[in-house]
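Two complexes are shown next, each including chain A; its partner changes from chain B in the first to chain C in the second.
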Partner chain A sequence: MENILSVLIFFPLVAALLGFLVKPQSIRAYGITVAAIEFVLTLWLWMSFDASDGGFQFIEFFPLVSSFGINYYLGVDGISLFIVVMTALMTLLGIVTLGEVKKLKNMIISLLFLEVAMVGVFVSLDAIVFYLFWEFSLVPMLYIIGYWGGEKRLYAAIKFFLYTFAGSLIMLVGMLYVAYVYHEVTGNWSFSLTDWYALVLPISVQKWLFWAFFLGFAIKVPMFPFHTWLPYAHGQAPTIGSVILAAVLLKMGTYGFVRFSLPMFPDASVAYILPVGVIAIIMIIYTAMVAYAQKDMKQVVAYSSISHMGVIVLGTFAMNPEGIAGSVFLMLSHGIVSGALFLLVGVIYDRRHTKLMSEFGGLAAVMPKYALIFGIMLMASVGLPLTIGFVGEYLSLAGFFKVSPVMTALGGFSVILGAVYMLSLYKKSFFGPVTKEENKVLPDLNGRELAALVPLAAIVVWLGVYPKPVLGPIDTSVKALVQFMDTKAQTPEAKRVIHVSKSTKEAK
Partner chain B sequence: MEGLVYTALFAPLAGSLFAALFGMRPKTLLTGVVTSLLLLVSFIASTALLWHVMHVGPVHVKLMDWIVAGDMSIPFGFNVDQVTAVMMTVVTLVSTVVHIYSNGYMEHDKGFNRFFSYLSAFVFSMLVLVMSDNFLGLFIGWEGVGVCSWLLIGFWYHKPDVTRDENPSISPSWAANEAFIMNRIADLGMLIGIFLIYWNVGSLQYDAVFAAVPHLSHALLVAIGVFLFIGAMGKSAQFPLHTWLADAMEGPTPVSALIHAATMVTAGVYLVIRAHPLYSAVPGVGYFVAVVGTFVAIFAASMALVNRDLKRIIAYSTLSQLGYMFAAAGLGAYWVALFHLAAHAFFKALLFLGAGNVMHAMHDELDIFKMGGLKKVMKWTYIYMGVASLALAGIWPFAGFYSKDTILEVAFNEHTYGIWFVLWLTAGLTAFYSFRLVFLAFWSDERYKCYGFHPHEVQRYVLWAMFPLGLLAVIFGWYKEEFVDFVTGLLPAYEVSEHTHHMLPILVTVTLAIAIGGIVVAYVMYHKRLKRSEKVEASLPYRILYNQYYIPILYEKVFAKPYAELSDIAWKEIDLQVVDATVDGIAKVVEESGDATRRMQSGNLSDYLKWMAGGAIALAILAVIVVANG
Partner chain C sequence: MLQPISVSLAKLNLITLSPMLVVVGGALLILLIDLLKKDLDKSLYVMLSVLVLFVDFGATLSLGINERGFFDVMLEDGISILAQLTILIASMLFIPLALTSKRFHEYSYPEFFALFLFMIAGFQFMVATDNLIMIFIGLETASLALYTLIAMHNTPGSHEAAIKYFTMGAMAAGFFVMGAAVVYGLTGSVELYDVAKVFEARMAEPGFAIPLIGGALLLMVAIGFKVSLIPFHLWTPDVYEGASAPMAGYMSIVPKITMMVVAMRVLAMYVDMGVEAVRWMIIILAVVTMTLSNMMAIVQEDVKRMLAYSSISHAGFVMAALALDTTKAYSSIFLYYGLFLFTNLGAFTMLWITRHKQKRYHHRFHHPYEKFSGLIHTSPMGAVIMAIFMLSLTGVPPFSLFWGKLYVISATVDAGYIWLAIVMALNSAIAAYYYLKLIVYMFLKPPVPGVEAIAANASRPLMVIVGISVAVTVFSVFVMQPLLSYINYMVSVSGY
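After this line comes the complex of A and B, so read on.
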């Protein structure tokens, strides 16, 4: 299958359109089947991926508007491969756990459209195509929050949409400017990323463009102080919305840094390590504190997401393979773990229609299976070694240590404060006596919930003990990326900070 | 040999997973038996490895790669050398005893299966900690024991939070979280130490790192030494990260014996011993370690003097003895520290298991003021605890005499007389509080009768299970020479100077004298009956000691509360009122300006023309300005 990437995009698209014809009573089976096939296809992609090659693979190229250099240009490397696999996995598990919601058919069709957009973002190598998928992803999510959300769903949905949309527009201006510069230099129009990579931009231009792209990505991540849409979105979104949002949509921002900012503006990226690092540290410490102050379980997980995204940003700006590989791995592990945590919160919300921690207490005695899986995810969230959460967090911090030991020490507070809010959540909800009558009869996890949560728990342990199958290809591509940045860097500062690994140097 | 290494390491894990299968079911005796047997297997394999290391040499195996990224390559590699072999044998021996003991102790507990699953998981983590051949592998075990400790301290998680006056530990789940978070603070220090090593050595393998020590700058070595020690301070509960250990007594008593006395809390000491090439290169850091240890020794002992809680007294004494170990290790006498670590593991585990018997007999009553005269009904427990206390007090010929006395010799030999004096004084305090406990619980008037207790001795097999520890608490010290010969195959041989050698008889005499003195004082005060003096108990020094120098309350007031308040401010005042309000404010401005300018679209053609003319003039002016400037 040479055009597997196109299949990955168009299969859910066609399936979503056909979904309109499916009878409502069979839509669940239909949705699960489609998502499962898509997931198996991504697994096939992983299996056929050449792990020793750090460049783009499964490339598809087809001119769309050749006069403007816009092409249907797809490809994956080790950095995007696993995000695609995770997208398909989380969509599948999300659909599996869907309870009885109103208009289930519309929900499943929206999710399939969303999957198209998400896969599209991570496999596009043309800026315009990337941008189209990027913006298209907003629409189904807007609908999911706005239709199935809580009381303030419209406010939350519109805030989410407008805020991220505003950021993306500035990014679009940046993209158009890059294309313009490319035209000035070469005489041709091109929106192909690989063409853009080859473009050596003057430092002053890099600096402006860096911030234009930064704003688009930062709102998506979301980075402090652009993060306030997220608590509303999570607070109002149905469980499935939060799962996809946390697991995949946020990663579009950090992925953007790795895919665009680092290779296109290596000098500017190095020059702005300090401000970006400071923002990341604020994210880590400040949102961890805000998370601790929350009374609603879901809000704790929502703010904890921002805090962990801060660690990802630190790793990305470490400018060495250890840190960047760690940050890409952390994107995946955070996707799995935060997705699972949102599913878990959804489980208790389905039973009690409240997410307030004060309503619970002693759940460990009533729902032992639930407590066990929550406990595993909690430990992964606080970064316990031999869980998936440790590998990325450790590598990100280790990598950034090379850049700034002091800032790493501050960022390392993630290790402490993460334990503070998560353990406090666990104590309030799961420990102590069962105080509320209605909690004494709560049923433990049912088959559908176990079907989604057990695989996630298995992944958490598997990739924590043996991360190699995933970390290996990531590492190969990241090494190539850093090598490329080093070659392209112009300022002495960038030359100094960008740290090519010894093994890459020896291979030369 | 590879098979033996993996057998020793994975047998406890197999046991843990087996017990976990039954974790949510009612008590299955099988889980207790199977985990205990697998622990025995692990112990036998460890002993065989000890023999192998003694007669053939260290064993090094690599299981597989773990984290490989950039230049970082961390394997699951295990190295069994002299230090590891000693640690493995001690850990698996005490664990086996505690597992068998727990079959009796947890007999009627609903969480019987779950308990054994956690307990065996702990042993596995501890073995990973001592067997790993690199710093990050050690960190796996380090965090693993932390989680198991969290699970086991909070084992009776259903208990509610109460006030500090009612229970200084508040609740099991509170104590568990405190322990985890305190340790995490220290772990950050340790991680920084690991990062420093990685970026300056390029590897985290022990052999590579220690080989690189001569090439590293002094300042760097100091930094690494200090940061690793911060990590050690958390696990080994050194001041100021010590409060969690006493609160950890909320866990079931076998847990206190195994984790919070014999094994996990000594992990910090193990780390310093393991990194001895590094600490030897920076004696200044070593001296700092020794001073911290010495301070903790007397600091913890002082709190044990007045406490009434059976388990807390022993916990403070553990803290104090850990201080002794750090003092020895810090002064460069690594084998002495390891020797005391092993001896302490035996007699302290014995003491705790004895305390468990007493608790069992007294229906979980911990107040020694409510006991007394128990030796009549609990003869064997009395003998065990008596032996353990004699060893702890450092009385000849028990194990503690040999190990503690050597530490004092080292302090004297290093001319650190201040350290020597404090440790000497602490030896007296140790003897006093140990025997205060023994006399108040087992001698004196039978106060328990008026509280309606009917104490009885525990099952025969439980008493037999404790026997190996009892035996070792007596005879372990007699094998000092053999121990030294063995471990100095790896650790530097520490020998005292000629001068100290001449002084030895005097040193031993004064040390024994103060220890016996402590026992005599305890005897005089408590052997007949408990005499309480309200005046003493109301005095300031007594209250300070009884309230742990008010440190837990201080921490709550200075850290926990302000953090919670600050978090609340961050959320309500900053995040909602400033950051989010700004965003909404901007949106509002856009909306309102749009609303305000809507009137321009009046549908009146002449209005439009006016606007157009105005716009054209503005553009023209702008053009002129641009041209004029450009």
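After this line comes the complex of A and C, so read on.
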């Protein structure tokens, strides 16, 4: 299927529109079926993907506004392929575990719209089309947080929207400037990423454009000090909202760095490794400490997810294939692990309607299966070897080690501090005597929950032991990317930092 | 001894007057019908008006570009044709809004429709000339008709609105005349193409800058009043509040686009000559306007007043493009207003649909936010449509106004004003707050008991208008290419 990417975008869109006509009592089955078909389609995409090719595949090109250079331009490479697969997977599992919520129909339709936007962001190769999906993803999420959220949901939803909207508008100005420069140089308008890649920008221009794009992406990631919207969003969002937010929406930011900032502004990216690295390390250590101080399980997971996003950023700015491939892999593993952790917190919340750790204790005795899966995910989150979390975290930090051993050592705190807050969460909630009377009769995971969580646990172990099927294509594309950055870099500093020839030799 | 002047009919080139003659003829026809037979239903007049406008549309389309006529007073260049087409489309969408299910006072008079058509003739004269006197006459014709149309809504609020608008409008007209007088005093001509020549020639004279900028300042004030730039905006929210919802929507588009065209002819002349003071005046006014009006829109309790401030902010946004003096910037103004027209008129129509005769929700306002609380439960379709309009006004893609914003900001970036582009972008983010507020009320808050009959004023024609607006708002991306190339062509052939 040549136009599978369009199918991936428009199938959920059509399904969402048709969903309005499905009767509410059947909507759950409808949602699961649609999400499952979408997931199978992404698997098909993976199967027909040529892993030896580092460039874009399944390219579709169709002019939308030709005189202004806006085209419907899609394609995937190894970097985006697995994020698309993960998006479809997490959406499917999110819908499967969806508990009894009010207005289930609206929820499912919103999720399908959200899926359109998420898939669209990762497969578009035109800046305006990218921006279109990027902004559109805010709308369903606003509704999900604002309607199904907790007590302060309105505040959280509006904060989420305004923060990201403001950041991305600055990014839009940056995009328009790139397009303008392209027009000045070539005489044509174009918003195609591949055209933009070919543009060698002067260093001074790169520098301010880097920050314009940085602002848009950093708010989404979210990087310190723009992270304040996320704890609110996570704290108030329903389980499904947190799952999608942590697993996919945050990845848009880091994906943006890899897709836009690095290849378009290689010199500026190298020049700003230090400030970005410092921000990332503050993010890692500071939010890990904040996570430790939380009383609410969900907030622990939320802050831990910010902390690990810091490692992703660090890996991305390593500027060598190991670091970037590691960070892309970490995006996937972080998506799966933090998504699963939010699902697990949701499970206990459904039963007890509280997320405070002090309300629990000794859950391992009451809910053994739950405790087991929680344990696996927790280990993966900490980055224990042989889990999915280890691979990405190790590669990211190893990549950054070449840039700055000191900063890498500080970044390594994500693992240490991660172990501290995660294990203390586990200790407080799962071990010890069952202190609360109502906890003694809690039912263990039911079939639906197991159906969602067991595959995730299997993936965590599988890719932790044998990451090659995923890491291989990522690596091919990342190498092509770094090679390209190396050719494009102008400053001697950038030439020095962007390691390509050496590492490809090593790989051989 | 006066010489007899011989003028041939061909030289007059009366065809340039044909669009205005059509509407004036149509207005007279309506008066005539009313004279011959009383008690005809308003639907007849509505449809007649639409037909007249339709013929007018055709007449405008068939005009040759860059033709002058009537002693060179008329100028049918690309931007004038574009502006006229925009005016006519907006008017054709506006006039069927009279066909509501509730009866409203103004539409029972055929004079309403006649006045409306006269007003359009005035607007068309205003954009189709570069003669300051002719602009003034067009402005006054249109404005006097508009004041009356507002007052005909016949509520205490609408009387207040009409009088307020009248006094402010009269003041604006005064400023315009004074500005024109200064220009005439400096150059001995009211024809802008002559004026420009004399200005160019006398530019180097010492001490010439002060009267030159003074004249521009006076004209700027007049334009500022009509486009409702801050600090000349004070009338706008009150007038919008007092006028009926569709009238308010109409006022946020048509008088503004006509005045924008006048500004393009008058102010752009200064900018083009390199009078930097005028350029900065425009930029400062634009920035102040969009920022302050956004702040004020945030604290409004009434949706209509919020939309009033929002339309001020949009005007400021577009005004910024005027200072850039590039073809793209001028095109972006038309593109923006062309798209804004559908979205904004649609939003005001939604207010019109939910209008009750009595103020049921608030002692002062017809459309407080609370009225729309939980609309998704009581009227899902209406809530979704209103949300689409709000998202479009916010500038969320893929809805229409995103493309307008994109193009305006792009024009700003191209002209090298990156800081201005960033200010515009941040303002769009601030504006998101108050548009979201309505969405939050509609989708995320529970309905207030006893508001079942929300769509009290709905009727089929209103639904059709809303449907058209929604369709354009949602699917605009597919018409962007032809629209952009048409606008670009029309603007560039006019020499801008």
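Criterion: the second predicted complex is superposed on the first by the 500 of 508 C-alpha atoms of A that agree within 3 Å, B and C clash if a C-alpha of one lies under 4 Å from a C-alpha of the other, contacts with A are read in each partner's own complex, and residues count from 1 in each chain.
The criterion applied here is as follows: contacts are C-beta pairs under 8 Å (C-beta built on N, C-alpha and C of every residue); 3 or more make two chains touch, one makes a residue touch a chain.
None of the values given here were measured: they were computed from a predicted structure.
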* Where does A:P385 make contact in the superposed view: on chain B (first), on chain C (second), on both, or on neither? -> first
Message: Between chain B and chain C, whom does A:K427 touch in the aligned arrangement: first, second, both, or neither?
response: first
Touching A:F10, do we find chain B (first), chain C (second), both, or neither? neither
Next on the checklist: Touch test for A:L162: chain B only (first), chain C only (second), both, or neither?
Outcome noted: both
With both complexes superposed on chain A, which partner does A:E135 reach: first (chain B), second (chain C), both or neither? second
Looking at the overlay, what does A:V290 touch: chain B (first), chain C (second), both, or neither?
first
**OP:** Report for A:R153: first if it touches chain B alone, second if chain C alone, otherwise both or neither.
**Re:** second
After the superposition on A, what does A:S67 contact: first (chain B), second (chain C), both or neither? second
Inset, instruction - Name the contact category of A:W211: first (chain B only), second (chain C only), both, or neither. - result: neither
The answer to whether chain B or chain C touches more of chain A is B
Chain A contact set shared between chain B and chain C covers 162
Chain A partner, complex, touching residues on chain B are 23-24, 64-72, 136, 139-140, 143-144, 147, 154, 157-161, 171, 173-174, 177, 180-181, 184-185, 187-188, 191-192, 194-196, 198-199, 202, 563-564, 566-568, 570-572, 574-575, 579-580, 582-583, 587
The residues of chain C that touch chain A in their complex are 391, 394-398, 402-403, 406-407, 409-410, 413-414, 418, 421-422, 425-426, 428-429, 432-433, 436, 439-440, 443-444, 477-478, 480-481, 484-485, 488
Residue positions on chain A within touch of chain C in the complex are 63-68, 70, 128, 131-132, 135-136, 138-139, 142-143, 146-147, 153-154, 157-158, 161-162, 165-166, 169-170, 172-173, 176-177, 179-180, 183
Seen from chain A, its contact residues with chain B in the complex are 159, 162-163, 224-225, 227-229, 231, 286, 289-290, 292-294, 320-322, 325-326, 329, 362, 364-365, 368-369, 372, 379, 382, 384-386, 390-391, 394-395, 397-399, 401-402, 405, 408-409, 412-413, 415-416, 419-420, 423-424, 427, 430-434, 465-468, 471-472, 474-475, 478-479, 501-503
